[in-house]
Each structure stands twice: as C-alpha cells, then as structure tokens.
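Lettered A, B, C, D and E in written order, each chain numbered from 1.
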Amino acid sequence: ANGMPKQLNFGIIATESTTTLEDSFGPLVKEMEKSLGVPVKMFFASDYAGIIEGMRFKKVDIGWFGNKSAIQAVDRANGEVFAQTIKDSGERGYYSLLITNKDSGLNSLEDVLKCDGSKTFGNGDPNSTSGFAIPGYYVWALNNKTPEECFKRVVSSNHQGNAIAVATGKVDVATNNTETLYDRIPKTNPKMAGKIKEIWRSPLIPSDPMVWRKDLPEELKQKILYFFIQFGRFGSPEKVKKERDILANTSDGWGPFLASSDAQLLDVRQIEAFKKKLKAERNGDKEGIKKAEAELAQLKKTADIVGQGGY
Amino acid sequence: MDMVIDIEGLNKTFGKNQVLKNINLKIQTGEMVGLIGASGSGKSTLIRSIAGLETMDHTSKHIKIFSEPTQLGHRRTSSYRSLRKDVGIIFQQFNLVGRLSLLTNVLIGRLAHNPSWKGIFKLFPKAERIKALQALERVNMVDYAHQRSSTLSGGQQQRGAIARALTQEAKLILADEPIASLDPASSDRVMNLLCDINNQDGTTVVVSLHQFEVATTRCDRIIALRDGEIVYDGKACGISNADLIELYGVEEGICNLGAERPTPIMKAG
Amino acid sequence: MDNPNLQLSPAVEKQLQPRWSKTVANTVSALVLAVLLGASYYPAEINNWPMLFTDAGNMMIFLKDFLHPDFTDLVMFIQKMLETIYMALWGTFLSVIAGVFFSLLSSNNVAPAWIVFPTRRLMDSARAINELVFAILFVAAVGLGPMAGVMALCVHNLGVISKLFSEAVESIDMRPVEGIRSSGGGYLHEIIYGVIPQVLPLWSSLTLYRFETLVRSATVLGIVGAGGIGFTFYESFRAFQYDRAATIIIVMVISVSLIDMLSSRLRKILI
Amino acid sequence: MDMVIDIEGLNKTFGKNQVLKNINLKIQTGEMVGLIGASGSGKSTLIRSIAGLETMDHTSKHIKIFSEPTQLGHRRTSSYRSLRKDVGIIFQQFNLVGRLSLLTNVLIGRLAHNPSWKGIFKLFPKAERIKALQALERVNMVDYAHQRSSTLSGGQQQRGAIARALTQEAKLILADEPIASLDPASSDRVMNLLCDINNQDGTTVVVSLHQFEVATTRCDRIIALRDGEIVYDGKACGISNADLIELYGVEEGICNLGAERPTPIMKAG
Amino acid sequence: MDNPNLQLSPAVEKQLQPRWSKTVANTVSALVLAVLLGASYYPAEINNWPMLFTDAGNMMIFLKDFLHPDFTDLVMFIQKMLETIYMALWGTFLSVIAGVFFSLLSSNNVAPAWIVFPTRRLMDSARAINELVFAILFVAAVGLGPMAGVMALCVHNLGVISKLFSEAVESIDMRPVEGIRSSGGGYLHEIIYGVIPQVLPLWSSLTLYRFETLVRSATVLGIVGAGGIGFTFYESFRAFQYDRAATIIIVMVISVSLIDMLSSRLRKILI
C-alpha cells in the first residue's frame, strides 16, 4: 500500500440519526474529496462488524466509530484513532444515564441499589457503551452487584426500546444516554419524553472517534488529518461559516473535529478490563484475574503518559 | 312423467374447438340411456356439463335437472349445489382421493346423507360404514377396503368409483365408461348392478359406453354423439350398421370389424 | 340394503373391525405436540396473553403514529426500493440457477440417497449459517457494498430455494417420469420433460416469494453498507419517525402485492 | 431363436399382499402374446416388472430381456438402463406429461434415437417431428398434435400413449390395456397397428387385454393370470369356457355372459 | 415410415408449420429478464466479481478464525437453542392454525376471486410490514420478553405460511375435489377430503421449514429482549469471538439438519 489508492472508502455506522445519512454526510464528504483529490465513497452500515472486517482486509480506509467499536478497529483491523467529533454545542462527549418513569417513586441510584427484587430493569444492548458497559462498570461493578440479583426481571433492548418501555411503565428502570434522551426523543416523541426522568448520570464519555487504517500511505494520512483539523476552523470567515454549517448538518450536528489518538479509548478499555477481572474473580479463574490485572496495569501506565482520556 | 334431464341448446367450446353443438336432450325418470360415440366425440363433456362441472357457452339455453335449472346461459344457478347430492357420477378417470383409503372414498358418497359436521370430523356412524362396505362387496372390492386408493389397480379403482356412486343413493346416475378398465366378469357384474338400480329403485341411469353390444343389450335408449352433435337418439334396435360406420367415422376399419367379430347389432336388430 | 344390520357377510364383518394402528399413531403425535406446547407455555410467556386484550389500548396508541404518513421523501423511497430490487434480482437469479441444480440433487425421487443426504446437509448449512457470516466473508473479498450483499443473500437464498424446490419435486406425480424413462429417455430427459413441467408453476411462485423476501431483507444489506429500502426503514423506525416509516411501509406493501399478483398471473399462464 | 423375455421365479409383494407368485415365463422374438386375467390379478404389475419399473422380491431369481439380465434377485442390473430404449411401454394410465403438448409427448419416444444433448435442448430435427406426426396420424390423432395432453379426452390420451410407443421403434412392446378407453373402430385400428408391427417389423408384442375375444383373435399365444399365478399359457384356441369361469372367478356372472353375448372362444376353438 | 419425407399427408403438413406464439412469448420473457439483469449489473456492482477470485485469500483468512470452535459454553448455547425453540414452537403453531384458514381463502381454486384478492393483500401486508413494527406493537401490549417476540414472529409467519400453503393448494389435482363435489359433499368436505390429503405432505414440510426459520430468527427476538440463540450468536459475532460463534453455528447447523431430517421422515409417512 505505498501508492495512493484510487478511491477512499469511508465507513459510517448508521446510528440513531434524524436525517437521511446520505444527505447528512454528503456535503462533508464532497469537501473531503475536493481537498484530498481522490473520490471518497461512503458506506452506511447498520453495524460496525462489516466496517471493521472490511478495514481488516483493506476494503475500508476511514471509519466513524463509537468508542467501543473503535477498540475493535484498533486491535483487530489495524486502525488508529486520528480525530474526535464534538457536538456543535462544543460538548466533548456525552453521559450514560439511568432513567425511570416520572411516577415510579424511584429518585436516586440508592433507591435502585436497594435491590429488593421487586423491580424490572431494561438493560442496554451488550455492545452499547453507554447502554451497557458504562452502567455495568459504574453502577454495578463498582457497587459489587449485578442487575440479575437486583431485579425481578432483566430484559435488554436498545435505547429507544428502553425509553418506550420506561415511558409506558413496562420496566421500572432502564439505561439510556443524554443524546437519546435529550436530543432525539424530545424531537420525535415529546409526549413520551415528558414521562421519563433521569436518576443517575455517568462521568463524561468522550464523543465518537474517527479511525483510519494505520497502513495508509503517509502522504495520504497527512492530507486526511489536515482536512479534518482545518475544516470549519481555518480560512476566511465565510469559508468557516460555510463549513460550520456543513458540520452542523452532519449526523446529529457536529462542531469542528479535534485531533485525537488511541488514547481516547483508554477509559472504555479500563472499564472493559475491570469487567473482565470481576468476571474472572467470580469464576475463580486465577489466570484470568492475573491477565486482567496486568492489562489494567498496562493501561494505567499508558494513561500516566498520555493522560486519562487522551487529552 | 317427470323430466330428469332437460337440456336445450347446449354449446360448449374449449378454445377454438366447439366440442358440443346445440345439444337438445330430454331424459325421463327411470330411463336407462346409453351414450355412445367415437373417442373425442364429447361424451365426457356432455356428462360433465349435466353434472354442472363444466359451464356452458353463453350461447346456450339451459340445463334443467329434476325440472330445476342448474345452468341458464353462461351462469350456474343456486340450485346447482343442492341438487348435486341426487346426481351420482362415475368419472372416466375415477376421481378418487389417492391418499385416502378406499373405504373413506366410498364413505364420501354418504356425506350428503349425514349432518355436515359429522363429515367434517370424519365421524361416520356404523350403519354408514356397513352401507359403504356392502357397496364395495357388490363390486367385489370389500377386501381392499383399507388399502390406499392410489395403490389399487386400474380396474379396482374403477370399481371403487362405482361403489362410491352407489352408496350415494342418487336419483340420477351418470356413468362415464364405467366398465372400460374391467374384465368381462366384472363388467357384467357392474352392468347388472346398474340395471338393477334402474329396474328396482327406479334410478335414472345415463351410461357412456364404448362396447356398443353392451349398450344395445343393456339400454332401452341409445344416444349417439358424433363430433359433438347428437346423430342418433332412439331405441337400441334402431341402429343400423351404416349408422355405426358413420358414427365412428371410419371406412376401412369397419369392414375389418364386421369380418373378424360377430356384429351384435344385427342380433339386437 | 334397507336394514343393513340384518345379516352381514363375513368379509364385511372383517373390514368393520376398528383399525387401531392409525388411531394410535395420530393420538401419539397429537400428544407429543400438546406436551411440547405445554412445556413451552411458561418459558415462552404465552400466559401473558390476557394483556393482548387488556392493554390493546397501548397498541392503538402506537399504531396511531403510523396513521399520518409523510410523503415528502416518497420519490427517494421508491428509488431505494429500486436499489433493493436490483440487488434482490441478482441474488435471486444466481441462487435460482444453482438452486435448480441442488434441489434436484436433494430430491429423493430424483437422486439416489447417497447424493441426497450430503446435498441436503450442505443446503441446511447454507440456511443455518447466519447470513452475516456470509456477508462479512464476501466483504473480505469484494469490500463493502451491494456485491457483498448480493452474494451473501445468494448463498443463504440458495439454501432456502433448494429446500423449497426439492419439496416441490418430491410431491410430483411420478407416472409421467416413468413414461419418459421407459421410452429410453436419459436421466436429464426425465428431469427436463418429466419433472420440470410439473414443478414449474410452483417453482416460479416460490422464486417470486424468495425475490420478495430478498427485497425486504435489511440485516445483510445493512451490515455490508449496501443500503436499500429495508435499511432506510430501520433508520426511520429507530429514529421514531413513524410518519416516514409509514410511507416506507406503504411502498413495501405495494411492491410485495405487485410481486404477488405477478406470481399469480405467471402461475395462471404456466398451469 | 432369441429369447426376448425370460423370467424365472418372479415374486412381487406389496406390504403383506403377494401380487405375483413364482412367475416363469419365456417369450421369443416375434411373438404376439395376449395377457388376460381378472382385474387385480397382477397384469400391470407383471408388465411393470418386465419393464424394470418394479423391483422383484429378493426371493426371485431373474428377469432377462434380450438375454441380458435386468434384475437379479432384488437388484436391478446396470443393463436395465441401456435396454429401456428397446422396450416400448403403453401404460394403463397413459403416463403422458400433462403440461406438454401431445406432439412433445410423442417426440419423447424419439429421445433415445438422437444425441442426448439435442433432447435436452428440446431440439428435434424435422424428420423426427414428421415421424412423430405420422405416428399420430396412424392413431388418428394428428389434428390434436399441439393440444396440451392433459386436456385430451381419455381415449385421445390413450392413443397419444400408443403413438409415443410406436415412434420409439422398440424391439419389444408391452401394452397394458391399450384399447380400454377406445371406441370399437379406434380399438380395431390400434390392434391392427400392433399386429402390423408384429408381422412386418418382427416386433415382439405383449398386450394385456380385458376383451378376450380380441385377445384370442389377435394373439398367437395367451397367458392368463389368476391371483398372481399363471394359470394358462398356450395357444389361443386352447382356452375352454370352463377355464374362463375359473379365470375370472365367478359363478353367476359367466352364465349371463354366455347367454347375452356370443362367446368368441367357441368360435376360435 | 422408411423415408418419412416422401409424401406427407396434408394433416401432417399442417401440424408441421412452426408455432410462433409460444416461441415469441418465450423470447420476450427471456429478453425482459436479460434487460432487467443487465440494467442491475452496475448498480448491484456485479462487475466486482473478479475480486471473488483475486481476493479469495481474504475469505480464507476470515474463515480460518472459525476453525477452532470454543466449546466451553456449549451447554449454555444448547439451552439458548431450546429457549428459541420454545418461542418458535408457539409462533409456528399459532400461525399455522391461522395460516390453514387464510391460505384456503387465498387459493384461487378453492375460494372465489372476491375473497382471494383481499385475503392475499392482507397476507402480503403481514409479510411486507417489517417485523420490528409488530415487535414494538406487541411490546406496547405485553411488555418486553418472549411473548412479544412470539406474537411478532407469528404475525409475520402467518403472511409467509398463507402464501406458501396457498401455492401448494393451487397446485393440487382438482379431479378428486370434483369427485367429492359431485357426491354431494359440502364446501368443507371438499377441503377436508379433497384438498388437505393432497397438500398435507407439502404443508408439513413447509411448516417445518418455517419453524426452522423462526428458530434462526434473531432480529425480532433481539429487539424485544427475548434472547435466544440468534441473539447470542450476534453477541459473539459482533464481539469478534469467532471461536464461540463457530460453536453456535455448529449447534444451529445440527438443529436445522435434524429438523430437515424430521421433515423428510414425516413426508415419507404422509405420502
């Protein structure tokens, strides 16, 4: 892979967006083509598995991922985080939530952690960072409990499913995140939004990373990085305004990208490693514990160098 | 006397091929009618039309069964369904249900005599099963009652179909070549049966036959079809050898036929 | 015949005996089914059924959101539908070509048992292995996009088509085939003159049914980034844009109905 | 002289019902053999066994066609396939392919005479189509060449099946009740045809028949089956009326039969 | 008969004329198909096919990961499989019960056209409307869990079963039905004695095929949180635990094969 590729393949994971993805990403990608001088082809996939394996086999060059899937892209598909998206409001991330129905009588995490076995819990998709991993770590692992022993029933769904279930009283507590609860649902279903309240909020989760294939030609990588960093920042106010408008209309509404690195994933990696350790402890798997501890130590060392969260 | 079959101006066309041409036919209660004609002359189509299984062309007038119209022009009337139980049919191709046992096939002839829900749940009273078995006995098939009908030999299937029509105890029986696949003894048995129900029960019988010696000896009245037209309708003894030559539409064959086998027509005449 | 009970011949008496074997077999199968259903009653939570009535109001509320379709993007949806049809067309075409071959090899009345068994197992695998595995497999070779989707759909569809086609083959009337065999026709002649004419109407409806299924397919096309109407539906549905979703549903129902009507028409011509 | 059919110890059982019992049979080139027997006596099963469409019980010895074994015990041999083109069969139930035209059905009889790939692509040379049409003409069916065979009348289908077997130009023809559904003139035409190919081309013909007057006038040799056993095998003239009574297994029927129609056996005897 | 060309009778001459109508119809349909496939060639990116060979190595690398199944959780997978079977059993059972009814109503040879048309359109909708809509619909009524999944599967399956069953009904031999009709049997008798015995073998295979499909189903059961083997597969697959995924695939292939063998066996009994 030393020559410039004839075409750049850009994999985009279709998250819960409000506009058509092609319309949303089209202008940004057009600018990218202009700047790079190579055609950029967008692929909108409903799941990251295809994009990551595509990247592994050099069929995908750049991808937009969530934190957790980015780990896979880095570890499995020889990817590298090079930029981070931020919200057009300037927020650098979002928060994982626990929600209940306004009339549920539950008001805080303590109420949930009573664990009287009378309530039902809507857990997130096991692959979701904010819906499953973050609460799994901060709510359950750190408090040494599991949802299964706390609740009468645990079901799992995506954020929307859980929101509906809470709003209609089909489950008592469920996981969610700030983006879904405060941006999407009020727009699409204000009535339902009014029935839901937040009872717990996680630490900041860094917003989504952009990943490229590490073995792209150096020259191309420089061009890509330059494009992402300057876009919406450099140049005349008119140009910046135009580019900011484009960004604001991309996905859920973005601001200019930040430079980032694999270090952005450290938080989530730590959570995952901690979960592994817990699981190993529960199973009495000594080797597993040792491995997880070693991984945690390694992560800690990296974090000491690059800073927690990679900033 | 009551009119069992009353057909006026029956035309039937398949594609471009007019198979029945302006058929007018009246048959009275208790008649035993033989239907003869060359292969392809329209015998089966006529029988199927009487039974309401083919609809006439719209140029046709009517078909009445027991004085009730079953088809007017192109349309079937509502009485067509209610009359069916009084019309028993022995099909040329038997039309048995292959995957059911012979006995069940014969019991189908009893469906109309029982409350409909009993048939739906396949509940047949013992008396009905006896009736069906006795019908099978009459055609010498009682030993095969529980064999699946698709595995029966040709003649056995034909006798099964006859048994089904007999158990139906219909007032009119339309039999389409009921002895085609039968050996002489079985044929005789079956023709005796048909004559019996005609004589004793007064059932009207229309039977299509290729063996015209059987037709002429067994039937009071012969109807001959040629290319979809009725070319003879009258007493059995009225048919001449010349009629027959015309009927089967052959010149060379018939001499041969006359020479090599006795011509029963002469005898009957 | 008036009082049929009077005197029965021994032959009739004999056939009147009840036949247990069939009754027993039927009862046993009914019992097995009942036990299985009973055992699954609580695990499958069928005991919740009263809620279907008590909480029917919720369903109404949910459905009401679909009552106001938003037609602004109709043209785009139709275009997406056509995109999906392109892919489904190729997926179906390729799998039918192969499916004819494999279905004949997996029909007991056409192929010998030692061929039928392995072919059937192979086709079982084509169905049982999740389509996503095939999707990614082809992504590895041809990259993201429609081609990977077409190929993945094709392999899975091959498994289904072979199964359905061979069920049709196994239910034909064997007499015409015997007729050809005894006229000295070869094996392929038996198939072409004896089997195919009999199954053609059913095969063509089944093909159109599978085509319709592929047009509806979303998961595979989604994961390989090939888009299509199913994927667009997901997008809208997951974003709770039920008004748009309703429009897509209308487009899909119309397409499926058209395909079904085409299949009836084709059948009538072929029968 | 060559042996066309050579059967030793053929047994055939369906379920518990032994349908053929220790059949031993030798038929030589050029013979015209009539197979008679009551309905269900095993005629069709015997013909199907000779054709290799039924496998014998493992208690059986062998079936040889043209001196080559086609079945040894329970096993079909490999020569079974290659011999089939020389054995033409007219099935009792016609076994035409309903959805194909009559002409195509007849052309199926020519498949073995052409390179196999031509048949696969449905390419029949003009000469072949002419042959098929001429065969149809011989059974008086040429006008129906392009009609779908499922829509033909019973007798028309039967004649189609006969035309198919004729075009095959086989060395052995097995005809299972080939005139059951035919009118007298057509029957005669068909029997003449069979006699012709037997006399002129030296084709061996085995024909099962219910009309024993036809069997006795047309065939040199009669084989009579009763309940799966050969009860008579010899010259046509050797059958007595008593034989017949025994054959069809009836007491009452046969008198009736004797009285009401001429008994051709007497004449032949 | 030696030189058939010598003198042909006029009747033979007449039938020798080429028949255009059929040839033309065949050519036209082949052309339409060719044009459709051609038009879809580039949109469906079939032109990428050489990559299937040049990059076949990638496929091998990908498949290699599946070569070392990890059996540690086998018991759990089998249990998940059973869970799915519970749900599929009820889903199939309910939809077959209703499907028999609707399929008869949508068969042209059994029901009048004015009933067939609306019933077919209704069943088309049951198939065309995405299963997720039904899933959420039933979540609204009975909450998350197996029951909502069973109901959603059931409604969709009803659409498919009705279609497949009615195709089977439309391909039966009508002569036995005529036999029953002319014996005075009522409409239901025609169905029970004439139609059902003919379609039973095909119906039972089709039912088992659909059962197998439901057992494999994942999307619906996933969204309603009902779990099952399909969902477990997704989890492993998306976590790139191909060793576990391979084990699940083995479990699924075996189950599907068993169901298929059961269907062959059943068929043999019923034929």
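In this text, a residue touches a chain if its C-beta (ideal position, glycine included) is under 8 Å from a C-beta of that chain, and two chains touch if they have at least 3 such contacts.
Just so we're on the same page, UniProt names per chain: B, D = Phosphonate transport system ATP-binding protein; C, E = Phosphonate transport system permease protein.
Everything quoted here is computed from the prediction, not taken from an experiment.
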{"item": "Third chains touching both chain E and chain C", "value": "A, B, D"}
{"item": "Number of hops, chain A to chain C, where each hop joins two touching chains", "value": "1"}
{"item": "More contacts between chains, B-E or B-C", "value": "B-E"}
{"item": "Approximate Å spacing (C-alpha centroids) for the pair chain A, chain E", "value": "38"}
{"item": "Rounded Å distance, chain B centre to chain D centre (Cα mean)", "value": "27"}
{"item": "Whole-Å separation of chain centres (CA-atom averages), chain C against chain D", "value": "43"}
{"item": "Per-residue multi-chain contacts in chain D, two or more chains", "value": "93"}
{"item": "Residues within chain A bordering two or more other chains", "value": "47, 49, 53, 57, 158, 168"}
{"item": "Chain E residues counted as touching two or more neighbouring chains", "value": "55, 58, 61-62, 136, 140, 143, 145, 237, 271"}
{"item": "Interchain contacts, given as pairs of chains that touch", "value": "A-C, A-E, B-C, B-D, B-E, C-D, C-E, D-E"}
{"item": "Complex interface listing, chain D residues touching chain C", "value": "51, 53, 84-89, 91, 93-100, 104, 108-109, 111-112, 116, 119-120, 122, 161, 164-165, 168, 170"}
{"item": "Residue numbers on chain E that touch chain B, as the complex places them", "value": "175-176, 178-186, 188-189, 192-194, 197-198, 200, 270-271"}
{"item": "Interface residues, chain C side, partner chain B - complex", "value": "1, 4-5, 8-9, 11-12, 15-16, 19"}
{"item": "Parts of chain C lying in touch with chain A, wherever the complex brings them together", "value": "58, 73, 76, 132, 135-136, 139-145, 148, 218-219, 222-225, 227, 231-232, 234-235, 238-241"}
{"item": "Residue ranges of chain C touching chain E (in the complex, touch as defined)", "value": "33, 36-37, 39-41, 43-46, 48-49, 51-52, 55-56, 58-59, 61-63, 66, 83, 85-87, 89-90, 93, 108, 120-121, 124-125, 127-130, 132-133, 136-138, 140-143, 145-147, 150-151, 160, 163-164, 167-168, 170-171, 173, 201-202, 205-206, 209, 212, 216, 218-219, 230, 233-234, 237, 245, 249, 252-253, 255-257, 260-261, 264, 267, 271"}
